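In the part that follows, the structures are each spelled out as structure tokens.
One chain, subunit A, appears in both complexes that follow, with subunit B as partner in the first and subunit C in the second.
And then the complex of A and B:
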């Protein structure tokens, strides 16, 4: 976890510490269309339509494998990469995205 | 041999006995019926289709009279495919609509060696225009106008793409005009050949356009797509042709396909190649003259 990122929001502390790894990232077929992405997931036979930030989440987690990354780590990376002004809603949104990825079998939460 | 070469009485007899095997593009269909009115309609509207005698039949259809205890004085027909009936009975005067919908349904469900889009498809100057659209978009009306003005019919319903070679295969079937479109085409294209009007179907009044003879004869001439145009007829709207973002075109096209999920990775790769090679547009139109002028300009510039 990145110290000082959201230290004052005690109720965030649980989910920003959740850690994630990709699942079968190497099997994904990713095509870019001017900043939008189509991602084919052979395991599920599904096609996902993702924006650049969502794809960057997957790439960043994969690039740090085998280590798992926390939601806070990922948020910190995205803030820097996309030069974002963050608020308290941002990590919530990223966590929601990660949980959705988990449901889809793109990432898994590491307890 | 083609259907019109068989005398009508012999055709009717053969349909009710062993059936007739006709070639609909890449698919051979056996049609049997004991309904004389349907047999006469087929003799006229299927006039130019090849009869295949020594080839494997892909789809076995049968339209047979059905007695109803609930409506003993009404006549109904039942459509079956391989002995199974996917629909409730239809009024007898809707037998042709039942047969056409039934064949379309079976094609949509069974043809999984090709990637299948819910789309009209026409060819000009060797390149294909794919016209994917949802019901009510005016797809059949536009397609009918195009094929009577220099474009070759591939289909008004199915874009059939080989997911390996990327070639599209023609499957020129009857084209069901609906409701006001029937009179629009009668006025705009007096030379178009239409079947009888069929009233009170689940889609209103229907009349089938018979594809021109040479379009049916060229069903072995495949083509690759160069344009993907999503048409939408809107009353009184000025013609508007706008480029469509590739990501959006991908989403629309994949969700418009009948069997994208069944074909999996090969479908994903095929749609990716298709979108990357094609110019993608959204078209809004209200009158056929301006739409045809736009299509001619687009395909002339290629």
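And then the complex of A and C:
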């Protein structure tokens, strides 16, 4: 994680250090539709709509496999990738997304 | 992604059918790149099942527009996945059967009684056709 990125990191230490890995990423069928993505998940028989940032989260985690990535690592990557302004609410949003991915079986949390 | 998907043509006239709120929603989603978005799409099959619902005719005469036996149908809901919903409506299921050959083909009231005796429900042929025409139910002519 990039030091100093989160000025109030201590407040988020409960979740920014949680680590994640993809789950059956290879089975996903991902189609791009002009910057938007549909992801078919054969295991669950579900189709998801993801925007660019959500897909980048999955791809980034997968590209770093077998190592797990922390929420903070993912936030750092996204801030650089999308040239975002640093925002203390951003890690919360990313964590929420990761938890949603976890519920759907797209990623799993590594304790 | 294939070029077929990327360059999928919209038939002339259909573009105008896309409602403006939907277009605005798409623009909003595309502009919301600063936050991750994930939405799980509903299964089309599940939606199709819920729309396979018919209401029995309470008044035979009201459904009889021409007096012929073709105006009403005696439908037996698919027992494996259909049946009464408890509110007067019936889920016809995926493979309902339609029975005919009434003993009194010219009398709607007698047809209704016979249908009830057989354990079926009476729905208008128009209502059934509206469902089967959308591919929800088998065509009554093939049953």
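In this text, the second predicted complex is superposed on the first by the 107 of 111 C-alpha atoms of A that agree within 3 Å, B and C clash if a C-alpha of one lies under 4 Å from a C-alpha of the other, contacts with A are read in each partner's own complex, and residues count from 1 in each chain.
Operating definition for what follows: contacts are C-beta pairs under 8 Å (C-beta built on N, C-alpha and C of every residue); 3 or more make two chains touch, one makes a residue touch a chain.
Source: prediction; values computed, not measured.
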| item | value |
| --- | --- |
| Simultaneous placement of subunit C and subunit B on subunit A, clash or fit | clash |
| First, second, both or neither for A:104, with subunit B first and subunit C second | second |
| First, second, both or neither for A:88, with subunit B first and subunit C second | neither |
| Touching partner for A:63 - first (subunit B), second (subunit C), both, neither | neither |
| Dominant contact partner of subunit A by residue count, subunit C or subunit B | C |
| Which of subunit B and subunit C A:49 touches, first, second, both or neither | both |
| Contacts of A:29 with subunit B and subunit C, given as first, second, both or neither | first |
| Listed stretches 27-35, 45-53 or 135-143 of subunit B, narrowed to the one that overlaps subunit C | 27-35 |
| Subunit B and subunit C contact sites that coincide on subunit A, given as residue numbers | 31, 33-34, 36, 38, 45-47, 49 |
| Touching residues (chain side subunit A, partner subunit B) in the complex | 29, 31, 33-34, 36-38, 40, 42, 45-47, 49 |
| Residues of subunit A defined as touching subunit C within the complex | 31-36, 38, 45-54, 57, 82, 84, 93-94, 97, 100-101, 104 |
| Subunit B to subunit A touching residues, read off their complex | 245-247, 250-251, 254, 260-261, 264-265, 268-269, 272, 275 |
| Residue numbers on subunit C that touch subunit A, as the complex places them | 1, 5-6, 29-30, 32-41, 43 |
